[in-house]
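Labels run A, B and C following the written order; every chain starts at residue 1.
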Amino acid sequence: MTTRAEFISRIREQVQKTPGRFSAASARRPQHPAAEADTIRRELAERWPETLEAFRREFEGVAGVFHRVATIDMVPAVVSRIAHEREARELVTWHSAALGADLAPALGARGLDVHPMPESEPGGVAERERLRAIAARADLGLTGVDLAIAETGTLVLVSGAGRPRSTSLLPPCHIAVFDRTVLVESLRQVGVLLEAWHGDGRPPAAGAAINFITGPSRTADIELTLTRGVHGPKEVHAIFVEQPIRG
Amino acid sequence: MTARRASLMVTCLGDLFFPEVGVSIVRLLRKLGVAVDVPADQTCCGLPLFNSGYHADAAAVAGRAVALFRDSEHVVVPSGSCAWMVKHEYPGLLADSALAREASQLAARTHEFSQFLVRVLGVTDFTAAVPGRVTYHDSCHLLRGLHESQSPRTLLGKLKGAELVPLPGADECCGFGGSFAVRLPEVSSQILAKKLANVESTGAGCLVACDAGCLMQMGGGLKRAKSRVRALHLAELLDGGR
Amino acid sequence: MSDAELATPFRQRADGAMKDAFLQEALTIATTKFIGLRRDAFAGFPEGEALRDQARAIKEATLQHLDHHLETLIGNVERLGGHVHYAATPAEARSIIVDIARRTGARMAVKSKSMATEEIHLNEALEAAGITPVETDLGEYIIQLAHERPSHIIAPAIHKTKGQVAELFSRELKRPAEPDPEALTRIARGELREKFLQADLGITGANFAVADTGTVVLVTNEGNGRMVTSLPRVHVAVMGVEKVVPSFTDLMVFLAILAKSATGQKLSVYTSMVQGPRRAGELEGPDEFHLVLLDGGRIAQIGGPLREALSCLRCGACLNVCPVYRQIGGHAYGYTYPGPIGILLTAMLEGAPAVKDLAHASSLCGACVEACPVRIDIPRMLIDLRREVDDKKIAPWTERVAFKLLARLLQHPRLYRFAAKAGRIMQKPFASDGRIGRLPLFFGEWTRTRDLPPVASRTFQERWASEKDLQA
C-alpha cells in the first residue's frame, strides 16, 4: 500500500519540475472574512428589496415556487394550503430553535401530522432510524434557510442539531422559510460568508454538510427530457417573511 | 493605405492546386497600388508536418521560409491556417535557433489575405467576379487561431453585385483537418456532408472561404455532388474589377 | 470497453457508430442542445470570460503547490475525523475500497455518478467481492442495468431511447414500464429510494475538495449525491489528486462557470459540501468518512506534457462542440473518458501508446479550447501526443517514412518542383474536366467521397516565373 509520505513525495518531486508557463494565482481571500461579511450584510440590509426581487426571479426560473407573507405567524396558513392542494398530511420539520419559531402547534391545529426533529443528539441508532423513517414517509419537509442567493435562486442549508439533512431531501415537497437577513446577491459574497463561517466568524450550525439547493431535483437523462423529482423533492417552495423571523 | 510593398506566400496548396487564387491576389493588390513580389523557391509553411507531430522537420521548413521572406515588408498569405502557422508556431519552433528573432519579426509582418486588405490597407470596396448570393465559411485557424471573423464578412458585405447570406453553423469545422481527412475519411466525410447541407440550405451560388484546405474539402464535396454551388477563395470573388 | 472490443481498430469503431441511425440522431439532438444551453448561459453572464481566466489561473497556481494543498486537505479531513487513503494505481484504489466495504460489513453500495470510479472499474471489483454496487444517477443506473458504459461525461445514457429504457426496466426490474421519461423516472425513484435507505456504503467521486476546510464538494442535479453522502453508515469519496482547490473563495469561481459550461444552468440543483463524518447532534451523515486520493497517472503529468489536462473540470463542453465526437459518440473512443479531453486523459491514465490512433481523432479545429471553461489547449497537446507517438516509433513505419519524404521535399525546391511534375504525369489517367474522381492506394481515402483538384497544368510559381504581365 502506498503511504502518505511516498504519495506526497512523488507529487513534490513533480511539483519541483513544474514549468512556470502559465499565469497562476489563487483567488484573493478576504483578510478578515467576518468583518467583510458584516460589511456585506450591512450593505445588503439597505437594498434587500432589489435582492429579494432578483432572488424571486431566479428561483422561479429554476421552477421554485415563491410565497411572501408579512409575519412568521402567517407561514402555517401557506404551508397548510400547500398541503391541502396535494392532499398531504405528514410534515417533518426542523426543530423550532433552528427555524426561529415554533410553528408545530399552529400546523397541527390545521390538521397536519407534524413531526418536529429533536434539538440535540437523537440518542442511539434505533432512534435515528426511527426519525429517518418518518422523514422518508413524510409528504412535506419544512426547513429554515441560512443563505438565499439572488444570482442563482439558491437556498443554502447548513446541517446540524435540530436541522437534519433529510428534511429538505426525502419528502417530495420541500418548503423553506426565510427572511431578509439571509439574502445575498452573489456567489462571490457567498464565498466571503463561507470563509467567515470557517474562520473568524460564526457558522449558522455545527453540522458536517452545507447544501446548496437550486430548485427541485431534476434529470434529463432520458432523451434529454427534463423531469423533476428524480431523487430529491419534486417541488421546492420558498416562503419569504417580511418581518425578520428572529425579531 | 500604408503598405506599398508586399510579398505573396503562395503556400503549397495555393501553388499546386489553386494558382488562380495567387493570380487574383497579385492583380488585386497591384490595382490597390501595392508592389507585389513572390520570393522564388517557395514550398510550404510546414503545417502538415507540424500537425502530425514531426516538429524537427517542421522547424527546418519554417527556417527556410523565414530566410526566403527576410526582406519582405509585409507577407500576405491566402490561407488562414498557414498564416496562423507562421504567426503562432514559427517563433516557438525556431526559439532555440539562430533564426529566433527573425521568426518573431516575420510573424509580426505576416497577414492573412482578408486581414491584410481590411486591417492593413483599409480597403473594403470591391466588385464581385461572380454576382449573386454568396455565403461564407469560417475556417478554423482563421476564426479561432487568428480570431478573425469580421474582415471577410466586411469585404463580402460591401461587395458590389453580391448578397452575403449567413451560413448556419458557419463556425463549425468542414472536416478537412489535413491528414485527418484521409486518416478518418468516414468521419471527415460525414462532417463535410453536414456542412454542405447547410451550404445548400442558404440558396447561395457561391461558397467563400479563406483557406485552401477548406476549399479543397468543400469544393471537392460540392463537385462530387454535382452541386451548382461553387467554392471560391475570397480573392477570386473580389477580383471582379473596380 | 472490453479488450475484445478494443481490438477492433478505432476507425472501424467510429464507422460502426456512424452507421447506428438512432445514435446519430441522439448525438445531433443532444450536442446541439447542450451547445445552445451553454452559449445562452454565458451570453447572459458578462463576467464569465474573466472568471474563466481566473479559474484557469487558480488551477495552475494550485498545481504549482499541489503537495502543499493536498497536505492541508489531508490534515483537515483527518482533523474532522475522516480517513485519507493513497492509491497510486486503479488496482490499489479498488483494494482500498473493497477493504473498507469488507471491514464495515457492507453488502450493498450506493454510488453517485463518478468518472473516477468508472476509471478504476470499481463496480467489477465490488461485485467480485460480493458487494452489490448500485449506480443511482438515472443515466448511470440505466447503463448499469444494460451492462454498458457511459457515452458522455455528463449525460451517460444519451445513446438510449425512452423505448429502449422502458424495455430495459420491464426486463430487469420485472415490472411494466411505459416509454415515458416521467413514468420511467418515477420507477427509478422508487427502486433507488429503497436502496438509499438500505445501503451500508455510499461511494462518490468529488468535483472539488477545498483544502483549508477539508471539504469534499459534489455537484449533482438529481439529489443522489446528497442521498449517498447522508444516508449510508460509511461514505467513501474517490478523488483524483488534481481536484483540490485552496479555499472557498476559489471554489466559488469554479461553481460560477461549471454548470453553465455543462448544462447551461447557473448552478446545478445540488452543490453538496461535506466535511467529514456526522457530527454531534446530527441525525444523518456517515459514521465513517474516507477520502481516497487517486494518482493513476496524474502525478507524473504535473511536470509532464499533459499538465494542462489536469485542469479539466469534467463538464463535457468540449465533447458537445467537437465535430468528431458529434459524429461518433462516446463509446467509439473505447475508454472511460471520451471526446477531445478524453484522448488526453486516456494518454495520461493508460500511456501514449493507447492513443496512437485516437491522437489523430481530431481535425484540430479548436472548438474545444473555445468551449472549455478553463481554456485547456487540447489541440496543442494532441499534436504533442502525435509527436510522442512518432518519436517513440509507435506510429506505423510507412507513415513515418512518408512524412520523412515529405519533409525532404519541402526543404528542397527542386524536389518539390519535380514532385509537382511527377504528380501531373501520374494523375493523367484519373483526371477529367478539371477534377479527379478516383485515385488508387492511400489517396483513394480522399476520393471515395470527394473530388480532388488536379495539380495545375502550371503552378503559380511557374506562371509567375514565365508570365510577364503577372510580374509587371
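Simple rule for what comes next: a residue touches a chain if its C-beta (ideal position, glycine included) is under 8 Å from a C-beta of that chain, and two chains touch if they have at least 3 such contacts.
Computed from a prediction, not measured in an experiment: that's the story for all the values here.
Return the chain whose centre of C-alpha atoms lies at maximal distance from the corresponding centre of subunit A.
So the chain farthest away from subunit A turns out to be B.
Counting contact pairs per chain pair, which pair wins?
Chain pair with the maximum contact count: A-C.
Could you please state the distance in Å, as a whole number, between where the Cα atoms of subunit B are centred and where those of subunit C are centred?
The computed centroid separation for subunit B versus subunit C comes out at 33 Å.
Using the average of all C-alpha atoms in each chain as its centre, how far is it in Å between subunit A and subunit B?
55
So in the complex, the part of subunit B that touches subunit C is made up of which residues?
Subunit B reaches subunit C through residues 10, 12, 14-19, 21-23, 26, 38, 40-44, 46, 48-55, 57-58, 60-61, 64, 140-141, 144-145, 171-173, 175-192, 216-217, 219-221, 223-224.
What part of subunit C is in contact with subunit B in the complex they form?
11, 14-15, 18, 323-324, 326-328, 360-367, 369-370, 383-391, 403-404, 406-407, 409-411, 413, 416, 420, 423, 435, 437, 442-443, 445-446, 448-456, 458-461, 463-465, 470
Taking the touch rule as given, give the residues of subunit A at its contact with subunit C in the complex, in rising order.
Its residues touching subunit C are 1-4, 6-8, 10-12, 14-20, 22-30, 58, 62, 117-118, 120-122, 128, 131-132, 136, 151-154, 159-162, 164-166, 169, 187-188, 190-192, 194-195, 198, 206-225, 227, 229-233.
Report the residues of subunit C in contact with subunit A in the complex, numbered from low to high.
For subunit C paired with subunit A, touching residues are 26, 29-30, 33, 54, 56-58, 60-67, 70-71, 74, 80, 84, 86-88, 92, 96, 136-139, 142, 155-158, 160-162, 165, 181-182, 184-185, 188-189, 192-193, 196-197, 212-213, 215, 221-224, 226-227, 229-231, 241, 245-253, 255-256, 263, 265-285, 293, 295, 299-304, 307-308.
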